[in-house]
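In the two complexes below, chain A is the common chain; its partner is chain B in one and chain C in the other.
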Partner chain A sequence: MASDPQSAANQRIVEDLVSRLRRRQVVGSRATALETLLVLRQVVSKARFSNIDQLINIIRTVGRRLVEAQPKEHSVGNTVRKVLHHIREEYHTASERPAVETSFSIAKFVLQGQPRKQQTTVPKSETRIPLKENDPDDPDSFARVLKPVLMEAIQDVFDELETVYDNISKNAKDHIHSDEIILTLGMSRTVESFLKAAAHNRNYTVIIAETAPSYGGREMGKSLSSAGISTFLVPDSSIYALMSRVNKVILGAHAILANGGMFATSGSLLAATAAREYSTPVVVCAGQFKLTPLWNLYHEYGALDFGDPSAVLGFDEGDLVEKVDVVNPYYDYVRPDLLDVFITNYGDHPPSSIYRLLKETYDDEDNEL
Partner chain B sequence: MAPKSSSGKEKLIGDEDEVLQAVILADSFNKRFRPLTTRKPRCLLPICNAPLLDWTFESLALAGVQEIFVICRSHPQQIKAKIAESRWSKPGSGIKIVPILTAKETFSPGDAMRDIYTRGLVTGDFVLVMGDLVSNIRIDEVVKVHKERRKTNKDAIMTMVVKESGAKHRTRSKADSAVFVVDSETSECLHYQPIMGYPPTTIASVPREILETHPDIEIHNDFIDCSIDICSVEVPSLFQDNFDYLDIRRDFVHGVLTSDLLMKNIYCYVAKDGYAARVQDTKSYESVSKDILSRWTFPLVPDNNHPAGHLYEQRRGNKYIDKDGTVVLARTSAVGNKCLIGSSTEVSDNAQIISSVIGRDCFIGTGTIVDNSYIFSGASIGSGCVIRHSIIGSDVDIKDNTVIEKGSLIGDGVILGPNAHLKAYSRLSKKRAGELPEDDEDEADYADSEEEEVEAAQDSIAVTLGSESNAIVWPSSRPDEDDDDEDDVENVKNQRFMRLGDSASDLAFSDPGSESSEEDEESSDEDSEFETRLGILPNSSATSISLDAPVRSSDAMAESEFQNEVKLSLERAFIEGHSVDNAAVELKTLRMASNVPLSRVREGVVSAIVDRIKIIEGGGIPQRQEIASVISRWGPLINKIGGVDAVETISALQSHCASSERLLLFGQILAALYQDDIVEEHDIREWHRTATSQGQGMPAGIRSENMKKCWEVGSRMIEQFDEQDEEEEDSEDGSEDSEDGSEDSEDGSEDEDDQEDSEDDQDS
Partner chain C sequence: MAELQIYESYQRLLQNEELSTPLAAILALTEMMERSRAGTMFELLNELKGGAESLSRQTSNPIGLNAGCELFIEFITLFPHDAASFSELKRELIRQGQQYAKQALTYRTRIAELAFDFIKDDSVILTHSYSRVVLKTLLMAHKRKRISVFVTEARPRGMGIKTAEILQASGIPCTVVLDSAVAYAIEKVDFVLMGSEAVVESGGLVNAVGSNQIAIIAKAANKPFYALAESYKFHRMFPLSQYDLPSHHPRLLSFPQALGAGSGSSSVRRPSESSLPLLDHAPSIKITQEDIARNNPDVDYTRPDLITLVFSDVGSLTPEGVSQYLVGMFAG
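== the complex of A and B ==
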C-alpha cells in the first residue's frame, strides 16, 4: 500500500481491530463479524485501485492481518470471504460477464424459491456506465464506478448480519412442538432468540445446563425464564441422566466446519454424545457467518482455544497452582455424526450438505486467505 | 505520526477525554540477574521469548493506557532502540511511548520519581509500574475506582494493586513481601510492614491507633504485590519533598502511612480476577514463565497475543511450538509439558526437554537433558549435556558432555566445555574483549567496574570450564561488603530466596552457620528491646499507648540518636534564640527523618525545656521567675510539634522530673504550663486519673517514688481547682495544702505557696 494519508488511516483502523482481537476485547462471533465488516467497509471506501485484482488484494491483505490476529475467531475470516465473494459477484454483473455461478443453489433450493438478495441486486445494475479497467487516462474511474456498487454489496452482508437472528428463528415453531422438553447449554444469542420465537406459538419446557466454567447457562436461564418459558437450570453432570426425558437438544455453534462438524461451547460434546445414546435429535442454530471452510481432519488440539485456568482453579490456591495443570478449553469439537440438522438463515441443512453451502457462500480461491 | 495516531485512538474511544498515562520504571535498581544484565538491561531479557518490556507494554495496552513514559537508566540506548523498532512505535498502535533517559545517579525508584517530578512528565493520575511486569489485570477499572475515590477524598493519593494468593505461592516472593493491614470496608491500606525472607520475621505489629479508629480490619500476609500503582500527581512531589525516600513500598508507602503530618491515604485494590506479577529475581523469572505457559496470563499467552508477535501453536499439555514450521524435533526427542520452543530451533535425537523455554535459532544436541531451564535465542547446546534449573544467555555455546547444575546463570556469548561441570548457582560471563563497546561508553564503564573485579578474582577460583571456554566465573556470593547489612533486602541470605532453583529451606528454620549465632544475639537483643519498650511506654504516654513494637533493633539506635538530635537542635534554638515556629519546623523534619512516634518528640521537647530551666539555689521568687520566663518563651513549642496532647505532655513532664534533679520544680512548671494555657485544668485531672501517673506498674525504686511525689503535687493542684470551683477563694485551704506539701520537702511547700499565689493572681 502506498503511504498516502488514506491508506495510513486504513492501516490504523485495521491495526486497531487487530490489537483488540489479539487482546480479546472483541469476543463473540457476531460482534467480531460486525467489527470486521466495519473495517472492510472503511478500507474499501478509502482504497485506491484501478482494477479488480488490486481491490481483492487489498481486502485479502487486510483479511489476512485480521485472521492472523485471532485465528480462533473464525467469523473474521468468514466475513472477509463473504465480502470477497460479493465483490466478485458485483464485479461480474457490472462487467456483464456471464455469471460463474450455476443456476442451481442448494440454499435457494432449501428455501424453495424464496427471492434472495442476489436476485434483487441484478436489476440495480441496469443503468450502469460501462466499466473500464486500468484506464491510463483516469485510473480512478474504475473505482469511482464500482465503489457505490461495492458499498451496497457490503451493506447487504451487513443487513444479513443484522437480521440473522430473526431469519434463523423464523421457522422456530416448525422445530419445537408443544409440551416438548428441550435441552440446551451455554449462552448463545442465536439459540436464545430461536427459543423465544418458538415460545410465541408453543408451550414447552427448557432444561439448561449451567455450562461450567463459564456458567453461560445461568445467564441463558434468566433470559428465557423472564420471557415466560418454563425453564430448569441443571448442573452439567446431570445432562446424561435427564437425556431420556429430553425431546430435542438445541445447541449453538462457534464455527460450523466444512465436514459438517462444529466447534461449540465446551460441554456440547457431552450433550451431543448423550443425545446420541438416546437417539435424541441434536439441532444446531447458527448464522451463516459461522460457516467455515475448515475440516479439522486431525482434530487439532490447539483449535479448541484454551482460556486461563482461573475459572477452574483459583490463583490463590498457591500449592495447587504449582502442581496441577489446568486445561480450560472454550470449545468442544463435535463430530458431524453426532449432529442432525443445522438451522441457518439460509435454511435448514443436514451436516452432509454443509460443504455445498460453503461452496456457494464463498469462492474457492479464498479458502486460504 | 505518533500524535496523530493517539488522536485517532481518542476518537475511537470517544468518551475518554483524558489520556491515561503510565510510567514504567525500566530499571531494576539491583543486580539480581547479573551476569545476564551486564550488557543488557533487565527489562530486555526475554521471558517466553519476548522481552519483558514488551510484556509490560502489552499489559498496559490491555488496560487502555495511551501514553507511556519509560524511565531508563542502564543501557538506555538499547531500550530506546528497542522501542523504536517495536510495533508500538508504528502508526495504529494507539500508544505513544516516550523513553526518558535518567541520570546515572538514579540509584533507586525514589530517585526516578524525583526525576519524574522535575521533568513534569505527568499531568494527571497515572499508572506506575515496573519494567518487568506481566499482567492481564484491567488496570483501567482500577483507575476508575481510584478516580471515583479521589472525587470524595482528595487525600487518597495512591491505589496499590494487589493480588490474593496463598501464603505459599510460587509467584509470591518470599524475600520481599509485606503484611498489609486493610480496612475491610473501604480497602484503605492502614499499615504496611515489609517482610523479608531473611532475617525471618515472626511478629507483625499493628499500631493501636488503627484498631481504635477502624472497627473492621483485615490483616493480609497473602498478597502478591503487583507493583501496579495508580498514583496521583502529588506522589512524585511527595518524593521530591522527602528526599530520603528510596523504595516505593518500604519508604514511601510506609512513610505516608505512618506520618500524621501528611494526612494522605493509600488504598489497596485487591484484584479478584486477572494476573499480575513482577519478574523481580531469577526465582520469579521461573514462576512467571510457568504462569505464562500455564495460561494464567490469558489472553497474553504464546499462542494468542505473544508480545513479540511470534506465532506459536499450542499442543496438548501446554506445549508451544513455533508455527512457521521451522522447528525440527527429532522423532526420538521428548518434549514434555509446559515447554516453549522458538522458530528454527533444532532438537536432536533422544534429547529431553522438560518444562523449559527455548529461544529461537537454538540447537539441542543428542541425548541432552534440558530440565526447567530457560535458554535464550541463538544458544547451542552440544550432545550429552545436562542443564537443570538454569538460565542460559543468548548465543551461548555449550559443548558436549557439560553438566550445569541448578541455579546457574550463563551470560550472553559464553563458550563452555567440553566436559565442563558447573556447580550449583554458578554464574558465568564472557571474558571482555580488548576494546570496550563504543556505542555507550560510560555505560560500559559502569558495567565493567564490577566485571573487572570479578576478573581480578579469577585466579582464586578453580573450576573446570572446559578447554575452549572463554568464560569467567563470578564469585558464588559476594564477600561480605560493608554495605551488606541485614536490613537491606539485598542481603546475601535474603537473596537466596530470590535465586532460581534455591528452596532456601535451610534458612527458613535456622542456619547452623557461623552467622546464625550472631543473628541469635541480635534477636535476643530485639526481644529485650521489645520488653523494655513495653515497660517504659505506659509511663511516658498515658492515653495513646503505641504498641508499635520494634521488629528491628536498629529502631532503638535510631531512637536514642533521635533524642540526642532533639536535644542538640533545641539547644541550638535556645542559644541562638530561634522563633518557636522555626524550632517546631526543625523538629518536624527531624521526626520525619528518623521516623519516630509523636510521643517521643514530645518527651524530648519537654525534657529539653525542663532542662533549660536553671535551678536557682534557695528557690523562691527568682526560681519562679526563671520558670515563668522559660515556659512563656518555649512552652508553646510543645503544642507546635505536630499534635496537641496535653495529658501526654504532663506525663512526659512527670516522668522527666521524676528521673532528674528538677523533681522539686514539677509543681511550679506544671503551674506555669497551666498559666500559659499549654495544659488545661481537665488535662491535669485526666492525667491525674491515669494509673501510670501514680507510678503504678513500675518497679519500685526511687523513680517510682518520685513519680508518686509528682502525682501528689498534682493531687494538690486538683484540690485547688475543686476549691476554686466551689468557693471563690479561700486562703486557709491553700495553707492547708502547703502544709501537706511540706511533708515532701521544704522547697515543695514553697512551690505550692508560689503556685497558689499564681492561682490567686489568675483569679483576680
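== the complex of A and C ==
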C-alpha cells in the first residue's frame, strides 16, 4: 500500500508536519490544532479504504505519528480524537444501523440511566445512497459515498477552531463587571480577546504580570492598552502583594486535564495560589480543543515542558553557567481545587465536570491513540 | 417463611469469596423470583421490595446490600417489556440478574487497570482494612512496578491483617500499621487507596470504620486519596453526618449506665482513679475488646471533599461525577 502514489503523498504531508512540530516551528495549541486538522483533511481526502475500520486505522496511524513528534503539545492528539469521534458519528448516521443496540441490561442501565423512548431518528427527506462496506466488485464505493460527509464533518471542526475566540468571548461581559480589577499573566490569545470583548461594555482595570522569562505579559499589556483598557504592567514578584486588591484572576490554559486541573504558563500556579489565599475567584478561558483525556500526567516532573534556559541565565555569564543547573519550564500544573470555573466555547464548567465534557467530546477507545 | 429463605440464600451466596454484598443481594432476589408465584408485575415488585426490606432488617450493616437491591428493583421497574407472557418476562429478568452478577465480577479487573496508571514506580501506598478490589489492584501493580504497602490493622475486625498476609505471601513489601499510627506513617506514603462498601450521592464514601480519619489525615498531609468502587456500589443516599447512615443505632457510642444497685462503685471509682497512689483500690470493672466493639460503629462516612478521585468500572470520576450516574438511574 505504501507504494501507491496517493499514500506516498499522504506520507509526505504527515512527515512535513512531524518535522515542523519537532523543530517547534509550529507552537501554540490552536496553531497546532489547525495544522493537524489540515493534514487530517488531506489524509482523509486521499485515503483509500473500503470499510470504516480501515479509515479509522489510517487516521490513528497518522495521529500517532504526529503525537509522537511532540507529545507535550496535547492539542494534536485532541484534534485527532475529535476527528475520529466525528467520523464515527457520521458513519453511524450514514449507515442506517443505529449506533446502540436496543437490548437493555443492568450494566447498560448503570451506564446510561433510564431507558429513553428512542424516537429521535427523524426521518430525513434526502434520499440516501446505500452504504456498502467491503464491496468486492467496487472496493472504492464505500469511500466514494462517505467522503463528502466526512469532509463536511472535518470542516465543522475547522469552523469551530476558527470561531473559538469569538465564542469564548461571547459572554465576557457577564463575567467582568464595571470597576473591577482583573489580574492576568502571560500572552494568551484567548484571554486577550476575552478581555477586549468585555471592554466593549465595561470599564475595568487589568493588572498584568510581565511573566518572565518569556515576557508574554508585556506583549499582552501593549495589546490591551492599545485597545483602550486601563492596564498596569507589574513584575511577577508583586502578584501576591497586589492580590488583596484584585477582584478576579483570569488565566489562559495550555491543556485542560480530565481531573479539572490544567497546564498553563509558568507563573499561573503562583497566581492561583495567591488567589486562593485571598479567596479571589480564578477563571480560566480556554477552547474546547484543549480538553485532554489524561488523568495522571502531573505525577511526573517530565510531564512539564522545558524551554531554552538561556532566557533565564545567559551564556555570557560563563562562570555561573557551569556551576548551576538552569531550567526554564514552560508550564505549571495547576490543581483543580485552585480553579473556580472554565469558560469554554461550549459553556462554563466547574473543574469537577470536565471529565463529563471529555466523555461527550471524544470516544473512550481513542484516549490511547 | 419467605423472609427466612431470602436471608438464607443471601448468607449462602456470601460464602463465595468473590461476591460482594450488593451482588449477593441481587442474586438472592433472583432466587426469590424463581420461587415466587406472583402473577403480575405489581405483585412481583411488592414481593421483591418486601424481600429487600427483610434482608435489610436482618443485617446489622445493610448499606451494601441496599445498594444492590435498589439497583435491581429499579431496573425491573423500568425494564421495557413486550413479552407475551408474564412467566417469560420473569425468566428474562432472572436471566438479566444472573448475567449481570457474572459480568460484574470482571469489574475489579477493569478498576485495577484504571488505577494502575496512577501508580508510579517505587510508590508507597496506604490502604485500610480488607478490600478485594484494592487487593486486585495492588497485586496487578506488583507485577510491573515496585510498590510497598502500609495497611492499617482496622480494628475491631482486624481485617487489615488478612490483607497484609495476602500481600506478603505474594511478595509485596507490606507492613501493618496501627489505626492510631496513620498520622505517624502518612509522611512516608505517596497516596491512599481505599475500597468501599458504598459510594453515596454526594460522592462521599461509606467504608470500614477508620476510613474517614485516614481521609482527613491524607488531606492534611496533602496526599491523594483514591477510592475504588464498582458501579453497583453507587447508592442513592445523602448522609449529612455519620449518624445518618442506616448502620447507626442508638446503642453505638452510648455511655454505660451508671452501674446499678449492686455496685455503687462507679461514682466511687472516679476520685480513686484520679488519686493514683490508691492503686490497691483496683477498678472492679473489666472492659473487654468485645465490649468496645459492641459500642462502636462498623462503617463510617467520608466527605467527598476529602476524596481525590473515585475509580470505578464506568471510568475515573471526580466524587461529584458519581451523582450523575445515580441521577441517570433513579431520577428523570
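In this text, the second predicted complex is superposed on the first by the 338 of 369 C-alpha atoms of A that agree within 3 Å, B and C clash if a C-alpha of one lies under 4 Å from a C-alpha of the other, contacts with A are read in each partner's own complex, and residues count from 1 in each chain.
We adopt the following convention: a residue touches a chain if its C-beta (ideal position, glycine included) is under 8 Å from a C-beta of that chain, and two chains touch if they have at least 3 such contacts.
Worth saying up front: this structure is predicted, and the values here are computed from it rather than measured.
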Just chain B (first), just chain C (second), both, or neither: which does A:Ala258 touch?
second
Looking at the overlay, does A:Ser352 come into contact with chain B only (first), chain C only (second), both, or neither?
second
Between chain B and chain C, whom does A:Ala107 touch in the aligned arrangement: first, second, both, or neither?
second
Return first, second, both or neither, reflecting whether A:Phe306 touches chain B, chain C, both chains, or no partner chain.
first
With both complexes overlaid on chain A, does A:Gln11 touch chain B (first), chain C (second), both or neither?
first
Tell me which partner A:Trp295 touches in the superposition: chain B (first), chain C (second), both or neither.
second
Within the complex, which stretch of chain A touches chain C?
104-107, 109-115, 258-260, 295-296, 299-300, 336, 351-353, 355-356, 359, 364
Touching chain A in the complex: which residues of chain B?
1, 5, 8-9, 12, 58, 61-62, 90-94, 136, 163-172, 222, 273, 275, 291, 294-299, 301, 303-305, 311, 313-318, 337-338
Any idea which chain A residues touch chain B in the complex?
8-9, 11-16, 19, 22-24, 68, 70, 72, 301-302, 306-310, 315-319, 321-322, 325-326, 328
Within their complex, state which residues of chain C touch chain A.
71-72, 74-75, 78-80, 96-97, 99-100, 103-104, 117-118, 120, 231-232, 234, 309, 314-321, 324-325, 327-329, 332
